[in-house]
C-alpha cells in the first residue's frame, strides 16, 4: 500500500531502497544559519529531490542510465537550528559512518559551511586527499565579522587541514584582496572566472589521487542559477559546468565524494535552479560514483 | 541510516509507518487534467506534506495530539497524465482497498473530479451514505463544454448515484442558473455563501448516519486561499472553516471518509494555502478519524 | 475563421459585438503616470478582461445572468505615456461620445485620476449629479508635491466642480489631516473605515438622483486586494464590497455610470485581485446598468 | 467606437483584420492536459499576443517590417479541457481549413502534442514534407506511462507518418536511451545539444522541399526560457535560436508552416519567456511566411 | 547635497535627525538564525522603513500626526550571522543605552528571540514590568530540539525572569500541549485565538504599570500577513490588531517600550505585510510613545 | 547611536560621508512616468543600494578596492510624479551643481529619459563631449506617439545637441527602420548586437576626449537582466558587459560621468538584476572615476 518511492519525489529519482547494497549515499545538510546575505538553502535538498522526478534517467552526455549505479538516499540530517557547531559535528559523524561502510558520499547543501565537516571526514579516510572547488567565491576567510563558523570560511579551513597546495579552486570571481594574496603566497590554486579550461590543465596533475569535489551552485552565472544566496554576475553557463563534470568523469582522478551546495529555492522563482541542480546531481552520480 | 520519516516532509507529519496498524490512510490524487481554468493542483498533496513539518502536533481547538491517532500516508497514486477515465478508475480501486481494510480514507487533491470515484467507493460500503460538500462552486454540471469528466461535475454525479436529498452543499457562491434550479427541484440542499451556521442546522438531521465530507479549498475566500485554480471573491475565512470542521467533530454524525481538494501550489506565492491546508488536515485527522 | 470573441478574454466575458445595440460600454483607461507610490495599473483593464472568462455568467446574489444586459467592450483608450493632461482630455472626449449615444459608461483604471475627466463628462449631462466614492484614501489633495494632476486629487476636483455636499466617500482610512478638516468644513460626506452600513443610510437621501459610483479597489483590505498601488491595512472584505454593490442595486438611486480603478496586476501575485475585480464588474453590470 | 485592434494585445501585433487577404494565419492551441511535469502552457498564446505590443515592428536582423507581410490572428481554438483525442481532431480540422485557403499556418502552443495534428494536416497537403524540430527533448516515445496521446510522443508519430528520414531534430539533450537507439536505427536525424551549426549543414540537403518547422521553447536554456513546463539545463541561447531562424530564412527550403510551443506563463516570473517568444514569432513571420 | 532623509526610505518616515532630541528610538534587529521553519526576517526592518514613505503622516484613528512625536531611527544593529548568543548580548547592550538616555525603545525584528534581550534590559529599568504579548504561538518552549536560544523560547525566558503572572499573551492558537499546561499551572495569562476583547479586560488590571508590548506579526491571519516565517491559519485581521493598538493607547497602562517582529519580506510577494507593519508602527508611535 | 551608514544599504556600499571630500557623487533619478511598456524603474536606485552590501569591496578584475576611491551617495532626487518636464529640469540643475563642484557624476535610473538632462549638463562643461551608449534600443525617436519627452528619445536629443558623429551606440538590436536610416545618414555610430568587440575598435578614436557613458541595463540579455521595463532577447551576457567596462577603464579616453538606467526591481524576481547592477556600479567606480 505504498507507491513506488523511487519516483515519489521523496528521494532522488531512482534511489535504491537499501543502504547496504548501494555504492553511494545521497544526503541533505539543511543548514543556512551562518549565511551573511540571503538565507533559504535549508530547503535546497528537499526541492532538488522533488523535481528530480522530471529528469530523464538516461544521460546523453555520458551514455549511461541511472540503473547502472546503486545509490541510497538517506534524507536530510536533522541539524539543530541556529547552532553551527553542533551541526557540523553531526555532519562529520554522519559522513564518518558513510565512509566506514565504504560508500561514496554525495551531499546536498545547505550553505557551504556544511562541506567543512565532510572534507574533515574524507581526510581521515584519505590522507592523500585533494580538493576541487568550484565557486564564485574564494571562501578563504578566517572568519566573517568575527565568526569562524561561516559559509565564507570552509575552503580556508580545509587548506589548513590538508595543506593549501592540495586545494584547487575554479571559477572564482569574488573575494577579499587578502584572500587572493594569501592563496598566492601559500601556493593554493585559484583559477579566476573560468572552470572548464583550467580544470582540463589541472586534472592530469591529480591523476590517481583521491579527490573530493565541492560545487557551490553560485559558480554558475545568476542567469543559470538565480536560486542561491549570493548571486554574482559574470559566472559560467550550466553548459560549462556540465562539461566540467564530464571532464572529471573522463579524467584519471579518483573521485571519492562530492557535494552541491547553496541552492536556495525561495529565490528560485521558476524552479530553474533546483531543476538544474537535479540534472547536475544525475551527472555526478553517473560520472563519478564508480570512479572511486 | 534513514532519518525519521515522520518529520521528513515526505509524509504528512507524524504519519505511522504501518498501514496495517493505522486507523486512517492519507493519499494524494495528483490529477488536474480536466480543469477549465488554472491547472496545477497535481502538486497540491506533495506540498501539503512538505509544509506539514511546520505544524504543531497539538490542536488547541480540540485539545488532542497527533499521536492519539494512527494514520498511514500512502503517497500519491500514480495517475496517468491526461487520461481522466483511467485516473478515476485507479482512484476507485485504491479506495476500495482502503475500505476493504476498514481504514478511514483521507484524500488530498488534485482537482475536484477525484472525489467522484472516492464517493463511488464509499457508497458501495455505506449504502446509507450522505455527503457534506463545502465549495465556492456547485459542481453540478452534467458536462463542461461537452466533457462529462470535468472538475465541475462530481457533485452532480454523486447526486445521481446516492440521491440528491442525501447531498448537502455549503458556502456555494457560483454556478449556472440551471444548476441552482435543478438542486431546488430535486431537493438537494445548497447553503449559499455561508458554511458554519447552516451546517449547525444540518448536522442534527444527519445524526448517526455515515457521512463523507469533501472540501474544495476554494470555499475559502481568495484572501485565505489564493493557491487554487478558481479563486472566487466573497468566501469564508479560514477561521470559519476551522470552526466548521470542529462542529462536525462535535456532532453526532459518523464521518467515514473525507478529502481536501483543489490546492494549487503554483498560485500560492507565500505558501499560505498549503500551510492552511496542512492545518485543516491536522484538524480533520484529530476531529474526524475516530468518529467512524 | 475567428473564434467567439465573447469568450476570448479579449473583451469582458459575454460582451456584445455591437456598440449601437448595447446599453452599456466598458472601456479601459490604462494610465498610471502620476502615481506617487507603485505604478502598474495601466495593465489592470487587460488583465481583468483576460480572467473574466473564468467567471460564471450567472449571479447568485442578484439572480440575473449576463445575457440579460447588452454591453459593448470598446477596449483600452490609447493614452499617451507620461502626459496626464492629454490623457484626461482623451478620456473626457471618449466618455462624451458614450454619453451622447446614451450608453452607460463602465470604466476600468488605471490610476484614480482617470475618474476625474469621466466625472466631468457625466456632470455635463447630469447637472444634478451626485458621487459615491469608495476608497481607502480621501483623494482630496489640491496637488501632490506640486502636481495638480495626481491620483490623489480627483475627489477634490469633483467636489469643486459639482459642490462638496454632492460627494459621498466611504471606507476612507487614510489622508492628510487637512483633507479631513476641509471635508468637514465644506459639508462633504466621509464615512471612515466602513462602507456598507453608512452607505445604507446615505442611499435613501439620494433616491431618484443620478449618481456616478467610483470604486478604488484599495477600499478593500490588502488581504482582499494585494494587487494595487497603495495597499493600506484595515480595509473592508470583498464580501462587504459585494454587499455594497448590491445595496446600491436595490436602492432607489439612478446609477448613470461607474468605474473600478487602481488594479495593478504586477503586485497581484496569485491573480486574486484581478479575479475579484472581474467579479465586481459582473455585479456592477447586472446590478446597475439598467437602473439609469 | 473600437480602438485599433492591431495594437490592443488581443491579436499578435499588427495582425491584419481580414483572413481572406492574409498570407498567413496565427492561431493558438491552448492545451496542456497531457503534460507529465508542470502544466500551464494553455495560457501561452494569450500572453504572447499581450506582450507583442512591446515589440518593434522592424527587424534589424532581416531588415524587414511587419507591414510587409499580411497575417491574420484567428485567436485560440476552443479545445475541450482534459480530452486530448477530441482536441487533436479539432486542431487538425482547423489547419485543414487554413491550408485549404492556401494560407501559411503559424501555431502557438500549448503542449507539444498539438503539433501532431498540425503535421498530419500538413502532410496531406505536402506529401514530400520534411520536419525541422528544435527541442531539448526527443519526443520520440510511443506512449508516456501507457498514454499514446502525450506531449512526449509527437515526433515519433510524425516519423511513423512521413518516414523517420524526413525528420530532423536539433538541440536535443534529453530522452530515453531507447529513443536515441531507435532514431539511429531508422535513420532519423538528431543533432545533440547544438542547433545552428548542424542546421547549416542540413539546410542545403532540404533545398526546394516543403518543410514544417516545430520549435519547442525548451530548446532554449532555462536561463533564456524559464517559462516552460520542463526546463532542462545546458540549452542554447536566444541568440542562437534567432540565428537559426534567420539561417532557415536565408536557405533554399520552402517553409510551409511552423509552430512555437510549450510556453507556460505561470513559470515565467518576469515575463521573459513570453517576450522572447513574441520576438521569435516576429522573426518567423518576417523570415518564413513568404518562403512558401 | 543630501536629499531629505526623513522621506528617503532609509529611516522610518519622518524620523528626527537627532538622537538626543528624540523621545523614542527605532532600531532594527536583523537576526533570523534560530528559526525552525522559514528564515528571512533579517530583511524585515529595512523593508518596513523603505515602504514607510508610502504612509500618510496623519492617523485618522488617533487624530494625531507624526510630527507630534520625535523619534530617531538608529538603523539596524550589525548582528553577527549565525551567533545567537553574541547577537542577544549586542541587543541588550544597545537597549541598555537607549534606556539610559531615557528614550522609548521601538524595535523591529528579526525573529522573536530578539525580544528576549530587550525585555531583559527593560526589566533592569522597570522592576514592576509587565509584558503584553500578541502572537499565534506560545513561544514558551525551554528549547527547540535542544537549543535554548530559539525563536520559540522568548516568552518562557521572560516568564522566568519577571514571573509568569506578569506576562499576558493574546491571540495564541498554536503550541505544544505542555506549554499550555505549564502556563495554566503557573498562572500565566493566555487568551486563545482572540486579541481585542480579552485585551480590553486585561488592560484595567495593568493600569499604572510599566508594560512592554511585543507583537509577533504572525498573530495576524496569513491573509493579512503572508510575509512571515510561520504562517498559521485562523488568526486575527489587521483591523483587530489596529484596534488593539488603539485600545492600549487609550488605556491607563504605561507603555515603556515595544517591538514588532517576524516580518519576512521574501515571503511577502505583494509587499502587503511590510506595508501593514509600517502602518502598525506609525500607530505604535502615535499611540504609545508618550504614554510612558 | 547610529550604525555605520557605509554598510547600511542606505547608501551604495562604502560611500564616503562627505560630499566635499569625495571625487564622485552617486545619485538616483527615480522616474519612470514616460515608459511605454512596463513601469517600475523608479525603485531601481534604492534597491541597488540595498543589495550593494552583499558586494565584495575588492574587484578581482581591476585589482582595486573601493576604499581607493572616495564617492558620496547623495540619495534620490525627489522628482515630481507624472511631470517629465519638471523632472528633467531638476536633474539638470542637480548635475550642474555636481559638476560645479568638480565631482564625477554617477547616476542611477529610472527610465532612460533621465540621461538627457545629465548629458545636457555634461555638455555645458565639456564642449568636446562624446557619448558611449550601450542599449538594446536605439532611443533615437523624435517622440513616442506624440510625446517628445519619452524614454525612447534621449539619444536623439543628445545627437541633436552635440552632433550625431559624437555619439556611439553599442549592442543595439531594436528600433524603428527610420531610426537606423537616420543614424546612417547623419553619420552616427551604431554597432548592432555586439558591444565588446566594436567598442575596442572605437575606443582608440576617442583617446583623450571627455566621454559620458550611459548604460541601459537592457543591453544585457533578459537572461542576465530580467528586471527591466523592456526585455529584448538576443542580448549580451553580464560577462561581456563587465569586460566592456574594463575595456573603457584600460583605454585612453577620459570618462567624465556615467549612468546605469532602466533597472526595474518589480520584474526582478530573484533580485538578480539589482545585484548585477550593483556589481556593475562597483566596476564603474573602480574603473572610471579617476580617469577624468
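Just so it is clear, A, B, C, D, E and F label the chains in written order, and each chain counts residues from 1 on its own.
Going forward, a residue touches a chain if its C-beta (ideal position, glycine included) is under 8 Å from a C-beta of that chain, and two chains touch if they have at least 3 such contacts.
Here the structure is a predicted model, which means the values were calculated and not measured.
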| item | value |
| --- | --- |
| Chain-contact steps, minimal, separating chain E from chain D | 2 |
| Pair joined by more contacting C-beta pairs (E-F or A-F) | A-F |
| Fitting chain D to chain F on CA atoms, where both chains share a sequence, rotation angle to nearest 5 degrees | 120 |
| Interface composition of copies chain A and chain E: same or different, split at half | same |
| B-E, A-E or E-F - pair sharing over half of the B-C contact pairs | B-E |
| Remotest chain, chain E as reference, centres from CA atoms | D |
| Whole-Å gap between the CA centroids of chain C and chain D | 41 |
| Centre-of-Cα separation between chain D and chain A, whole angstrom | 38 |
| Residues of chain A whose C-beta touches two or more other chains | 36, 38, 78, 221, 223, 267, 269 |
| Pairwise chain contacts, counting only pairs that touch as defined | A-B, A-D, A-E, A-F, B-C, B-D, B-E, C-D, C-E, C-F, D-F, E-F |
| Chain B-facing residues of chain A, complex | 1-5, 7-10, 19, 25, 46, 50, 72, 74-78, 97 |
| Residues of chain D touching chain A in the complex | 36-38, 172-177, 180, 192, 221-223, 226-227, 230-235, 267-269 |
| Touch list for chain A against partner chain E, complex | 32-36, 38-40, 42, 78, 80-84, 86, 144-147, 149-150, 266-267 |
| In the complex with chain F, residue positions of chain D that touch it | 54, 56-58, 60-61, 63, 65, 221, 223-224, 237-239, 242, 269-272, 275-276, 279-280 |
